[in-house]
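One structure below.
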Amino acid sequence: MFNEEKRFSQPIRWAMVGGGRGSEIGYAHRAAAQRDNLFQLTAGAFDLDPQRCQDFGTSLGVDPQRCYADYTQMFAAEAQREDGIQAVSIATPNCSHYAISRAALAAGLHVICEKPVTFSVTEAEDLKQCAQARNLVFGVMYGYSGFQMLHQAREMVRRGDIGAVRVVNMQFAHGFHNQAVEQHSPGARWRMNPEVSGPTYVLGDLGTHIFYAAQMITGLAVDRLCCHRQSFIETRAPLEDNAHVMLQFEGGAVGTLWASAVNAGSMHQQKIRIVGEKASLEWWDEQPNQLRYEVQGEPVRILERGMGYLHNDSTAVSCNRIGGGHAEGFFESWANLYHRFGTAMDAASRGEAQPDLWYPDIDSGIDGVRLLECCVESADNQSGWVKF
Amino acid sequence: MFNEEKRFSQPIRWAMVGGGRGSEIGYAHRAAAQRDNLFQLTAGAFDLDPQRCQDFGTSLGVDPQRCYADYTQMFAAEAQREDGIQAVSIATPNCSHYAISRAALAAGLHVICEKPVTFSVTEAEDLKQCAQARNLVFGVMYGYSGFQMLHQAREMVRRGDIGAVRVVNMQFAHGFHNQAVEQHSPGARWRMNPEVSGPTYVLGDLGTHIFYAAQMITGLAVDRLCCHRQSFIETRAPLEDNAHVMLQFEGGAVGTLWASAVNAGSMHQQKIRIVGEKASLEWWDEQPNQLRYEVQGEPVRILERGMGYLHNDSTAVSCNRIGGGHAEGFFESWANLYHRFGTAMDAASRGEAQPDLWYPDIDSGIDGVRLLECCVESADNQSGWVKF
Amino acid sequence: MFNEEKRFSQPIRWAMVGGGRGSEIGYAHRAAAQRDNLFQLTAGAFDLDPQRCQDFGTSLGVDPQRCYADYTQMFAAEAQREDGIQAVSIATPNCSHYAISRAALAAGLHVICEKPVTFSVTEAEDLKQCAQARNLVFGVMYGYSGFQMLHQAREMVRRGDIGAVRVVNMQFAHGFHNQAVEQHSPGARWRMNPEVSGPTYVLGDLGTHIFYAAQMITGLAVDRLCCHRQSFIETRAPLEDNAHVMLQFEGGAVGTLWASAVNAGSMHQQKIRIVGEKASLEWWDEQPNQLRYEVQGEPVRILERGMGYLHNDSTAVSCNRIGGGHAEGFFESWANLYHRFGTAMDAASRGEAQPDLWYPDIDSGIDGVRLLECCVESADNQSGWVKF
Amino acid sequence: MFNEEKRFSQPIRWAMVGGGRGSEIGYAHRAAAQRDNLFQLTAGAFDLDPQRCQDFGTSLGVDPQRCYADYTQMFAAEAQREDGIQAVSIATPNCSHYAISRAALAAGLHVICEKPVTFSVTEAEDLKQCAQARNLVFGVMYGYSGFQMLHQAREMVRRGDIGAVRVVNMQFAHGFHNQAVEQHSPGARWRMNPEVSGPTYVLGDLGTHIFYAAQMITGLAVDRLCCHRQSFIETRAPLEDNAHVMLQFEGGAVGTLWASAVNAGSMHQQKIRIVGEKASLEWWDEQPNQLRYEVQGEPVRILERGMGYLHNDSTAVSCNRIGGGHAEGFFESWANLYHRFGTAMDAASRGEAQPDLWYPDIDSGIDGVRLLECCVESADNQSGWVKF
């Protein structure tokens, strides 16, 4: 059971870059970080506009002097303080993730960075090196991966409950951008701009999430993939608003991935189905407390969060905040991740060995960026296979 | 949109009675109260055992001196302080709700009390008088009633989207107590004990929740009801572990209510269906982000939280914390209620008129207790009709 | 596996009374009876209007001379023939079921009669006596009871898979008559007319179906019941368009039944949930190939028609016509019943002992009528309990 | 409304090749053909084994003299008779479809042939020529395409209800062959044998069905496709038991197709989702009476068979056999197709112009075989794009 009892002698002094007033995802970070009293919001460079940053940070209870005009200033000033920040979350549009992350690591800060973590694999690998060199934690915000039924799925695969994996079908396909909404919505606009968004739109914005879920659950390494992408709203080219990917994993399993923002009428439809020799697992982020377990020749079973029949030693159980039947949701998934990030940071800060827990780290950040690079290369080459 | 920006010049200084370490519902209260920075946990009489109270409160960051051995002590000591508590939540077993609430009101505190709010209507009405006399807010923790799709349902009924209401079918029927688990589970045990639980088990523990949802959505007054209740585990008698109720509302509508703890294999099955002249609405707490809207002669529609087609001026929209498609859950429902409680308290404390918002107040607390009284009277009289 | 291979040396020579052109349910009878080549449509008094009967029967391939002006004539004429009819199905409005059935039995014919089988229990018991006296089969057309997953449910209850039954909740509640459609629809009009329909509308038209399913599955005898019924369209009084019933079974189980024609927006919502000590079963006629099996403490299981894990010796399996996964439907359910009726008639005609198969017989017809009588009596007496 | 009233002055004299006792699909053909009295089973070469053919045909009521040892004999003998057969259905394993169809056409018979219709496009086009030359009807048994909600979908696309089509995702993926069941099951065995099954297994056995549904609904021509196929049970090579296909349609739409027999735990999962500019449609063969209609920015709508809001002039409505809410199923879908085949044959036989109705004809048969050829070519060439 997770709850709010203090775990660390001191909560981690924590700041944000980006995530300012009106931003899409800033609140989710703050709600998650503060949920279990592991992090304390201490400073911030929340906004491109210094005045808005000041106003907003103050309204959140941050010392006005620690609401900074930009992240360079913040990292420098905080480094001077005895009670300076120890960790930072980066929730700016994609183009600045690399530079800010690098500066943060250089300033000795643990980092939690939004996805996709960089524009290129080279950059992402550079971040890995920086983090390792200084023994810093680097978490990537694949925010759905805190859902407990995905952890149960991972444990089931590990234990052989479904046999060797054969097929992994992934999708994250909403319909909110079926028209050129970017003409009116700034949050949509930057996502369609390659200079801000990077080399892809839906593959990076949506595909990386469910791709990480697949990796986390199956542990399978991708061998190669091919991709077909489209810009149904033509002005979005070269960025895609729809993409289909076929994957070949090492060891023989195969897969598909569908990412889309033009799937009219759909809310999220983020789903994963993992087909094993004996059984399949299926999960859907809109009903995240259930996991379908389908053993060939037996009735389909619907597993529920919070129940005694789940694998007890899996984190599916340790993360519970309320009994089964109650709907946990998106915010708990995020809080579960922040809980892990905090635990890892606390151990690192105290010079202890990393605890035995997994979370989306820089390696999964690199793999997410590699997915995008490979997809673009394939799409540009007649959907030919590209080595992962 | 709800988020964590500070709303009050000062968060409300808040304490809990009950809800100690290991309790079922204490964490839910604290997570909800602190979610939007409207309440600050300042003191507590969390536990029957003073030492455990001390340990636990401290671990939550409460000043050890303000972790009290019992509520009498707490109300007295806090009243002496300039920075004394302003509000208290009561999350003890049912038998003590009345005495603690009364003492809290006497001490000039706003109260948030668990359900059922008292053992008798007389007691509940007494609390109403006390609260009114001192202009204090009295909230009742019908915790599911913060779900936004219920607010949308309420607004739809008000606007006539379904026509005059004809039938209201309610149920909250889980299976976790299909065997005599009270032999091993203390949390189950007190619920089966009339001295602690009051005159009913499942009707009070479960039925009051969905009954409040019906009242809140339809605004219909019950005229009379009849009830049939059973103790399938015989040692539970006189308390019921299963009950069926038939209701007659004023104006012609009718209804049913099924409450059960022996509905084997079911998680919650808390559901409400409201049938109007033109259309029906249906909601299920295990998939709380959806609301079925079924207009006769048209395809069933599935409404989703967070969407632009919801009634804009309903609180279904103002409570959003994240875009549609993302699963909000139980904790957001609770936080939405605490948000309302806090807003009402803040206005009351500043001597302002109550804002135009509804929440489960002492009147709904009284009605919940009246439901139980009427059900017991009917069940004891051959399921005859009893005037509500 | 059922299929079309001939089972009897000779198909049963069979006729219909009612079910003429444009009638609601005549086609269902003919499609079911002829599906497995067990019955051959040989004669008919299909319609109140002799000319329409003639035209229609001829179009169905019946010898024009055997299309009769009325049933009296038909029974008399056919009795004279060596190749006269052996069985008759009665698909006229309710008011004529008794007289026609009685005449048919008197003429030595096996009978398949629509529900409700008569207006009173006395009449229904009289039919039983007539049938027994002449060793004639009397089937009642509870047409949904041929669905295989109900047979699986019955077998599961018999074997103790769910433990002793505690609660049986039944409903059949559509919305097609939420307005006074009887002003334009003749098929609706007679149903609201007590002289044609009998003492009830929805209880007889809908409630008897799901009530039979409960009896067939659980084998429980009703001890007493109480009923609350309404005419939301006032001109329908005294007949109800909505009714709620509470039941007490012998041995301690309880139940509810909801029948409605004003459940706006609903198609059928014919559902049954049977709660046992250990597990529950749930079935819904709109997705009839699935049966939910919910063992307390285990994941919900969804059983599918046609699968090897079903109880092999149950008729759930022997009735299969196509492999699992394919949707069987309403017409197969009816055909499965006619298959049983035919098998019973064939044995009776050859003077053989009745095969060991159950089907909705005159006893279940009597019980259906008794349900209606008891409900009316209770509803007329303040919903008091009435002995069944 | 469809029902059993005779439509033709004479039912079509009809025979089968294959579909003998114990075969998987023979009963479905006979149940469908005879459902509406349009076809009369008159002769047959049902089985490879002449004696079994004789026994079986007789049990079906076929004149023993017209139960033939093989199809050559049958076509010759029947051609001599004045009352000889007019049409034949071919339900043998794939390898013999071409030869038997050709012989049937040569004998002047209308043909209904199982899918895939031949091994090669060349053969299929040859059949087309033969049929055209003699003005004979050639129907292909894409048996799911008679489901009414697919017809509604087609009509909706035609009318522009969803806007221009962008994405078509198809799947038919069961789990029944997740192990090497062909070792024990003859019905599975031939499907894995390229000499009997042809160049593919699941693509031909399953993929052609849902591919036809897509073509029928959207009317879109495939421009090119690429395919990745696997034999998870290695002994099945070169035939695949799992395949993923990406498609590019003319005009810009794209699609995917997943066919599998190793999708452990799944019954059928035959699904199609059609994404248009404005809205999407989704259908699932296991719940065939519903069609999801998802307009972007509006609540999802669930359309039901039999309802007045369906497009009235679509065949979704004319095929109804029973009111909405009742589950129609697989057998009605087949009967709806046979109804169309019969209507076309009757017109052709009487020398009339073909009525304005569409059904899976030889062109759709050719396209199905072309799908297979292209998939094999692509899979053999590193999943490169292949012109359709």
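Lettered A, B, C and D in written order, each chain numbered from 1.
Basically, a contact is a pair of C-beta atoms (placed from the backbone, for glycine too) under 8 Å apart; a residue touches a chain by one contact, two chains touch by 3 or more.
In UniProt terms, the chains line up like this: A, B, C, D = Gfo/Idh/MocA family oxidoreductase.
Remember, predicted model here, so these are calculated numbers, not experimental data.
The interface holding more C-beta pairs in contact, when A-D is weighed against A-C, is A-D. The distance from the centre of chain A to the centre of chain B, each centre being the mean of the chain's C-alpha atoms, comes to 35 Å. One inter-chain figure worth recording: chain A and chain C are separated by 56 Å, centre to centre, where each centre is the mean of the chain's CA atoms. With centres defined as mean CA coordinates, chain D is found 44 Å away from chain A. Residue positions 293, 298, 300, 304 of chain B are each in touch with at least two other chains. Chain contacts here are complete: no pair of chains fails to touch. Interface residues of chain B facing chain A in the complex, by the touch rule stated above, are 3-6, 21, 24, 27-28, 30-31, 34-35, 37, 56, 59-61, 174, 267-268, 285-289, 304, 321-332.
Residues of chain A touching chain C in their complex: 293, 297-304, 307-309.
Contact residues on chain D toward chain A in their complex (touch as defined above): 162-163, 166-167, 169, 175-176, 178-179, 226, 228, 230, 232, 242, 244, 246, 248, 252, 254, 256, 258, 260, 262-266, 275-280, 293-296, 298, 300, 382-385.
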